[in-house]
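Listed next: structures, encoded as structure tokens.
In the two complexes that follow, chain A is the common piece, with chain B as its partner first and chain C second.
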Partner chain A sequence: MKVDMERIKKVLGPKKQFIHGDHALCYGALLAGCTFYGGYPITPASEVFEMMARLMPKVGGVCIQMEDEIASMAAIIGASWAGAKSFTATSGPGFSLMQENFGYASMTETPVVIANVQRSGPSTGQPTLSAQGDMMQVRYGSHGDYEIIALAPNTIQETIEHTIKAFNLAEEYRTPVHVMIDGDIGHMREMVTIPHDIELVERKKPKVPPEEYVPFGPGLYGKKKVPEFAVFGTGYKTYVTGLTHNEHGFPATDDQEVHDKLVRRLCEKITDDREKLTDYETREMDDAEVALLSYGMASRSALGALNQARKEGKKVGYFRLKTVWPFPEKAIEELSRQVDKIVVVEMNLGQIYHKVREYSHCEVVLSGKIGGEHHSPNEILAEV
Partner chain B sequence: MRKNIRLCGSGGQGIMTAGEILGKAASVFHDFKAVQTQSYGPEARGGAARSEVIISDREIGYCGLTETQYMMVMSQSAFDKYNFDLTDDAVVVLDPDLVPYAEYEGAYKVPATRIAEEMGNKIVANIVMLGAFNAAADLVPQEALEEAVKDSVPSRFLDLNLNALREGVKCIRSGE
Partner chain C sequence: MDEIRDADMVSGKVIQERYLREGMMPHIFCSGCGLGNVLDYVLWAIEKEGLDMEKTVFLSGIGCSSRIPGYIDADALHTTHGRALAFATGVKMTNPDLNVIVFTGDGDCIGIGGNHFINAVRRNLDITVIAVNNYIYGMTGGQVAPTTPVGHIGTTAPYGNIEYPFDMSKMAIAAGATYVARWPVYRPNQPINSIREGLRNRGFSFIEMMSPCTTAYGRRNKLREIKALWDFYMENTVLREDYEMTMKFGSDREKEAVANKIVIGVLHRETKSTLEDRYYEMVRELME
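And then the complex of A and B:
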């Protein structure tokens, strides 16, 4: 479907608005050309659904309430195969239910975007409060070997921008991309300036005649490890299966070589570009002896701690992951050679902390906070 | 300049709306930066509701309150729960009919619910409070606040809301 940017801008209204993170996800999706939302309401992500239900019909899109999160994920995969840029949003318990189909989307190389407005767990936990509880689940929650792209914005403006970026990356890599915010950002309002100059990426379509098309073969016009995507109903035939499949899409489940080649390619199409996908922000790092490493909402508290520490004359610096997955291994390694200590600030009992330790050569400690409140600057500085 | 502001009461009173209007006034209709956060329980009505607004002339990093300089209160339980971090010179504006037992010297008492009822619609009590709160605490220019109200309420209730806002301002001005 052709994106009518003028219409989208008109639907979104004034350029400057005071909106919360859940609505920022919707604005980003619309600006990226999303025309399908399949979802199931869940606090604190329900406002995404409500807003998409209002917005989709205005841009000729479709918003559908499914019977649960499993079906929501299935619906957006189907919509993507029909050519739509598709989107869903959920929170902890719903995210758990989606895991099976995340794997299916990875295996079938389906571009989809999922927003997770995280809350605490395990199980239904604290529905109305905030946490960063799914940072490992997003990476490892489905079974088998796969890689994922996950972004973690920390302002409402960045939530719009990261959502647009997520759609672009999903199209470029033919993979699910996650926008990991949390209940606090989801329900927090800041002023945003709606971006009007946006570069959009569209999935590469086959140019060869249908009889020559190899749906899961090497990419011919773009990335070699990302095959062209033939939208259903355009004259090309694609057999789509979660089973191990050969380049023609047909199951070859007992062939070691086929499986090895397929799954390595699925992983490598993302990890080959690890450096290109790495995105982080630093502050006050030049003379820093201790680095506060964080992402998402926790990084706002880390900023408070940074300002306080600098006022007290402490040599503290700030390192914020904007892309959490694929993990920026090299950047963390370099950071750990620059400082004596890294304090990982996150709203869980240690998830990215373990990943940071894996690539660090210095002391790494955790400042983890749970229970729905964010860290106070003093709590973070107690670990410095 | 960093103003740490808390608006609190119980669910359904329009605490979140008041916080949103204040933050919008500061950042969209004036040149401050603003962050509005909110927390509430699982109930649609009743239960503690809290909205925090930070207004600053610089980038806002930390989104929590380390202390509260300005507080608008619309229920006794909210006052009891949230007065712990008030600064010594905090500006507190409360509705005495809803917060009868507030022991806080110098608090502005604004019978917002009664005023709103007299105006014919109890639903705008939060806007009466907001008008009074801003007049007492001098948070954002009055014009910016009115613009934010216009931008936030359905047009058929616009006059009611603007009048409510001005009644709140009057309440503070007449007491001075």
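And then the complex of A and C:
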């Protein structure tokens, strides 16, 4: 499916708009060249689906309502193999159902983008309220060893930009990429500027003839650990399986070496680039003795706390992860050598907190809030 | 359609060279298994219909039946258990020019995949599903399936199955499939013709193949010998035409004799537009 950027811009409308976080995901997806959305309704992500249902047919893309989230995830993987940049959005309960096929997408190296507009769990929890409850599920929810890329924007503008980036990374690394927002970013409105000069990463297709093509072998003219992708119907006759497979894609389920080589490559294609993928923002860190470490929606509360602390003359700094996975190990280690204490501010009972502790040499404490309300500055500063 | 006859068959060697993936051999199927026959029939149908193998995608779930696409030299997605039809929906909607053929087992299709199945049928995409019904979970060693007859033994029903089974083909008809046929594997020509008709039909085509699993099913049900299983199918099936005639004109005794048999043959045909046609029609209108 060919993407007509002029048409997309026309369909999206004025360059400056006051839009909804869920809609920002859609705008980002369209600008990134997404042509397939498969979804299932769930609060607070339904507006993504409803907007995609309006936009996709107008730009020649597909939007389809599947029977559940297992199926939405399956459909977008199928669409990706047929050549589409594909997308779905969901929240906690749906995200749990998608785990099986997240693993399948990782194992088969299928580029797909998933947005999680997080709400609180366990189970149905608080459907209409906000949380950051899936930060560990996104990393470890499916079975087996794998690595994932997950971004955590904290404004509506950044949600557009991160969604575009997610599509680019999915193509670059041939892997599922997650955009982790939450019910409040999803449902709040802010002024945005629709980016028009965007660099898009397109799928690397094989240049060799089919008889020389090794579908899960080394990449020949890009990253060595990322093989070129032959879209179905282009004559390459690729066998794709979630079973442990050799470089030709054929099952080799009882071969320790094949499995070891495959799964290590799948992990390393992401972890080798950990530094490159690391992305964070700092404020007032030069003289800081305590760092407020946060990501996504919770970082907006951390910012309030930062401003109040500085007014009170406290040497507090702000460190916000924009990419949560792969975990920025080195950046956290350096941060922990620079300050005496790190306060991890997140809307859960300590998911990234443990990860921060793992790489820190200073005291690390948790300021975790759940229940759908945000941290007050005082609540955060009580931990400083 | 020109009906296929024995004399029309190209040699097995030609089929093998033209369609099979050498690198995947030897296959995993047990001796006595019907999956080789099913694969044969599908390839013969493809040969007869002249399908372009560069534009044909096979999908499958998990199970012995779902391993079939691995042996065919074409693009294929061997997906997760029960989900092949949801993956197929993404493939076909993205590129309607591709021929999409799905292999699935009875457990895959209407056990774990039941919800995907009825919804995929309802949407009426132009895809052809070959559902291999061996009345058991073969790959995992003989646990009962939603198709296992009452009283039959499975490893998870050691005292006999007490649950009522599903009739997959009837479910497909009820959910809105536009072509439905059911054949036991011991008849080669009729299934080949049905697969051909399914491939030609623009819409959701469902072909149920009754296929023996001697290892996980026959062995525990006094049907260990392949001949015993084939005879069992022969004795317990009735052609749709014969069934209808008997029900119309037969005596009470004759009616009683066929009442509980599995009806085989072409069970349903109807014409309606496909999802992808309706969708892209909408796109054309919106993009004008």
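Here, the second predicted complex is superposed on the first by the 384 of 384 C-alpha atoms of A that agree within 3 Å, B and C clash if a C-alpha of one lies under 4 Å from a C-alpha of the other, contacts with A are read in each partner's own complex, and residues count from 1 in each chain.
Heads up, the rule we're going with is that a residue touches a chain if its C-beta (ideal position, glycine included) is under 8 Å from a C-beta of that chain, and two chains touch if they have at least 3 such contacts.
This is a predicted model, so every value here is computed, not measured.
K.L.:
So, on chain A, is it clash or fit between chain B and chain C?
P.N.:
fit
K.L.:
Considering only the touch criterion stated at the top, classify A:243 as touching first (chain B), second (chain C), both, or neither.
P.N.:
So A:243 only meets chain C here.
K.L.:
Does the superposition put A:232 against chain B (first), chain C (second), both, or neither?
P.N.:
second
K.L.:
After the superposition on A, what does A:306 contact: first (chain B), second (chain C), both or neither?
P.N.:
In the superposed model, A:306 contacts chain B only, not chain C.
K.L.:
Scan A:35 for contacts with chain B and chain C and give back first, second, both or neither.
P.N.:
In the superposition, A:35 touches chain C alone.
K.L.:
To the nearest 10 degrees, give me the chain B-chain A-chain C angle using C-alpha centres.
P.N.:
110
K.L.:
Regarding the shared-chain residue A:62, is it in contact with chain B (first), chain C (second), both, or neither?
P.N.:
second
K.L.:
Touching A:219, do we find chain B (first), chain C (second), both, or neither?
P.N.:
Neither partner.
K.L.:
Go through the superposed model and pick first if A:141 touches only chain B, second if only chain C, both, or neither.
P.N.:
neither
K.L.:
May I ask you to decide whether A:76 touches chain B, chain C, both, or neither, giving the answer as first, second, both or neither?
P.N.:
In the superposition, A:76 contacts chain C only.
K.L.:
What's your read, chain B or chain C touching more residues of chain A?
P.N.:
Greater contact footprint in residues on chain A: C.
K.L.:
Quick check for you: in the superposed arrangement, does A:195 touch first (chain B), second (chain C), both or neither?
P.N.:
The answer is neither, since A:195 touches no partner chain.
K.L.:
Can you give the closest approach of chain B to chain C, taken over C-alpha atoms and in whole Å, for the superposition?
P.N.:
Minimum over all C-alpha pairs: 20 Å.
K.L.:
With the touch criterion stated at the top, can you tell me which chain A residues are shared between the chain B interface and the chain C interface?
P.N.:
After superposing on chain A, no chain A residue contacts both chain B and chain C.
K.L.:
Residue numbers of chain A touching chain C in their complex, please.
P.N.:
Chain A residues touching chain C: 1, 7, 35-36, 38, 57-60, 62, 64, 66-68, 70-72, 74-84, 86, 100-101, 104, 108, 232-243, 248, 250-251.
K.L.:
Which positions of chain C touch chain A when the two form their complex?
P.N.:
Residue list for chain C touching chain A: 21, 23-24, 53-55, 57, 59, 69-70, 73-80, 83, 86-95, 97-98, 115-116, 119, 279, 282-283, 286-287.
K.L.:
Could you please specify the touching residues of chain B with respect to chain A in the complex?
P.N.:
Going by the criterion above, the answer is residues 20, 23-24, 27-28, 33-42, 61-64, 66, 148.
K.L.:
Per the contact definition, I'd like the list of chain A residues that touch chain B in the complex.
P.N.:
16-18, 127-129, 184, 187-191, 297, 300-301, 303-307, 372-374, 376-377
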